[in-house]
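Take a look at these structures.
Presented sequentially are two complexes of chain A, the first with chain B as partner and the second with chain C.
Our next item is the complex of A and B:
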């Protein structure tokens, strides 16, 4: 049974990670920085609860706020680049964060033992849950309450005017500017919201695994973060959830019996899924990958639409 | 109402506007005619702030617009209906209109009323309010682009080639809409290639050739055919 709770926890935190990329992706930005925000969110509240004895709730909210603040700062320079250049810039930021934690050693003595990030060793003993008598299912329920709250908030945002504004910027920046949308505010706002959600996810992740180290927050995790909303589609927040279930639940856990062949099939199934559902599992009308990466100029697009008329 | 003085805009080393001056008068339709590559669209994007002018000034009722960001210019009341419509094809008609009101989010309220009045003005948009904009015909998309701009409560409406890519009969329909907007007393700046039709509606017009304004006057003052021939074919009257 614990295996299934554990799986549900992984799916929960990865859903938060995917949703953080989803918000940013709505504005047409492919961000590889989400793993970095997630890492910041993991180390910060880990430190709060393990090093300073804070309660878990304020700790993860602080994690979200710290990640959001840094995402906001990253958002401004990141605005100046688009498409593939943004991918490279955000990737560099993610690696910067990872290497920062690789080098960070900051330990305090607590109850007779040293706790805190210890460079390459990582940050051990983030034991808030076991220390406070939380059982595995308590933790799982807690995670899914957070996921449900975030999804409800994003669902509501999507249906409100804010969602239309984010999507407008994602679809056509020139058109968005011509009708008076403030690109800077919209993009940085989305980046900040994404940072907050990634921070929450990272904060919870740190407590479920009790030991975090820099290697986890690398390029692979950043790729997963952006793969969820792309595979799931940008139609609704549920696309991301379904993609996480598909990847973590089915492709990673469900195919474990295949041994080393799993990785091969994993790739093949993603290729198949993207071919059968090119705009994502849910959501027929998500911007295409090519469009997001800036590989297709706006001019060609208008020519196409002219022909369609 | 909008005084444009000696605007110069370049793309890299290529000068597209070489010192354009013109006036957009309040409560009328000012038209800018010119052949392909004259710089008409460049001027629209320069006024709307999406392209930066190298020099020159643009004063809206005495207030300088040059140097402002595109969203600030929309907040001042100068709103563009871009060439090729540029509606958001994957959003519903209603959402397209609602984002058009973004610039006046600080002044609360009135969005619902404006939405209703735009949908009253364009009954075909009302029928398709929950349909995706990409499924509309070209003419309907043009109506949507106009409606979206009206949602910002513009003081000046800049329209870039509303006839592009539309069938002649639809173009006439679009011009009737423009004529109606003018008759309501709105200030419109229309950029067009379709000179004959545009001159039927214009109160005042300018001719743009290779980045220079080469003529300004009222329709009827001169022989249109000669003018159009001059602008579009490069012919000069033999005299």
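Our next item is the complex of A and C:
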């Protein structure tokens, strides 16, 4: 059973990473900086719990706030550029963060052992969960509570004016500006929110794997971060969750028995999925419950029948 | 007619059941699972490890398998999981293995997977306050020093690089007293290669009187080494030590050849004493000297290497450890009184852990391996050098 709880943890953490990119993508911006925010989120609470004995909850909240703060600072200059230039700018930021941790050595003595980031060798012994009696299922429940809170917040935001503003900017910047929206504020706001979510995800990730190193937070992770919402569709927060389930649950874990062929099939299935569902698995618009239940179909049929009559 | 049919069917059923019961009694199995990177850039380590495990268990099974607590024999069944050298996947794979009836796992291959993986295991046995996974892991390949100390559920049969390089540089000092300087080249972003240069090679060289006149760094995915080689050429070192895996070792060696850098002695990383280096750059690697815990220097080692080749792999210091692990586990299972039932699974795992912890020596292909209290091993080793498209034993320190 622990295996499934462990898998649920991976899916939960990657969902947070994907949601961090989802918020930014709503404004039409492609950010490759999410892996950098995730890294900041991983190292910050790792240091707080392993080096200074802080509780996990304030540690990950602080991680989220630190990442959000840095995302806000990065957002101002980075979001002055658009499209491919933004991709390059955010990619550069992500690499900068990775290389910062590649070179960061800061260790303190705790219980007779040196604990803390040790450059390229990484940051070992972030063992808050097992050391404090958390069973695997406790950790899983904790992660999914965080995921549920974040998803609920984004779902609510999507249905509020804030969501409409983000989507307006994402669909047509000029039109959005012409109705008085402050593009910089909207984009930086989205980047900050994305940074906060990535920070939460990174903080939890560090504690589930107990050891982090710079190499994890590279371009591949940044690509995954934006791949989740794009593959899942930007119509709803659930698209990201579906995409993470598809990639982490099915392509990576489900196909493990295929050995070497897995990596090949991995790419092929993503290409296939994007061809069959070019706007994402759940599409650009959130499916409504009545659509899923087929209620709309019956109504249409009735109208058509009436017209025929 | 109807009665006859019923009797025939009943007889058939009873005999089938009897046959099945007999077969089940004969087919007792013990599951030992391997895992590591068997795809991707470093996939060759897992492929070789998997082949070595398969070959070793096949040999054990041909000889009757293992003896359980009730005196019955059981065959060992094995399979190999690919973790793609990814920490998250490695943890997931180990949790998956622990959720089956596997008694022990052999792996992983990558040190960057080993560190987090060992971190999720219970650090101290019987520590009620530590909810880490309680499952024995017997590592064959991940070689970065000092990792077994992370958890008491971890045991490693990887050679001690500190001992081997200290001995190698002492031997170079003895055989080449005129050499004074050394230049290091390190694959900076790989845990093992980085650790081995900064913590092992460099310290061993300095301890044996060599002056480090420079260092060049590159990354695992780098393909251009001209700047690094230029710095090396300017320093004119007597000895060059390259702490990198075969892919970039070959890249650097080619660039050194192009820039006509010819040190008197060339030292390589343990993991590069493999077929990949020879097939990648045999000419440029000529003379590359590496300490290794495997070379086909005796009949047992030769036969083991042939068995692994027959399974589609290659025997090197890493896959040799996988082979040795299989035989060490056979002896441990035979001695520990393993019951091999579903009910005794947790207890059997604990018995294997305790038995591994109690070992002070274990048989290896080059001689007896010393088992250290922290779960690490000190293994016999030889110095090999690349010569004529192959590895040749240059010196046997024990001789």
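Couple of notes before you dig in:
In the analysis below, the second predicted complex is superposed on the first by the 283 of 309 C-alpha atoms of A that agree within 3 Å, B and C clash if a C-alpha of one lies under 4 Å from a C-alpha of the other, contacts with A are read in each partner's own complex, and residues count from 1 in each chain.
Everything below uses one rule, namely that a contact is a pair of C-beta atoms (placed from the backbone, for glycine too) under 8 Å apart; a residue touches a chain by one contact, two chains touch by 3 or more.
Everything numeric in this text was worked out from a predicted model, so none of it was measured.
After overlaying the two complexes on the shared chain, residue contacts for A:53 are found with neither chain B nor chain C. Once the two complexes are overlaid on the shared chain, A:181 sits against chain B while remaining clear of chain C. Residue contacts after overlaying the shared chain place A:164 against chain B, while chain C stays out of touching range. By the touch criterion defined above, A:172 lies against chain B but remains apart from chain C after alignment on the C-alpha atoms of chain A. When the two complexes are superposed, the chain touching more residues of chain A, out of chain B and chain C, is C.
Per the touch definition, chain A reaches chain C in the complex via residues 1-3, 6-7, 10, 102, 120-122, 124-127, 129-136, 208-216, 252-253, 256, 259-260, 262-263. Taken in their complex, chain B has these residues touching chain A: 48-50, 69-71, 73-75, 79-80, 82, 84, 86-91, 95-96, 98-100, 102-103, 105, 132, 134, 137-138, 141, 148-149, 152, 164-166. Those residues of chain C lying in contact with chain A across their complex are 38-40, 43, 81-82, 84, 87-89, 91-93, 95-96, 98-99, 112, 115-116, 119-120, 122-123, 129-133, 150, 188-189, 191, 194-195.
Listed in rising order, the residues of chain A touching chain B in the complex are 161, 164-165, 167-168, 171-172, 174-183, 285, 287, 302, 305-306, 308-309.
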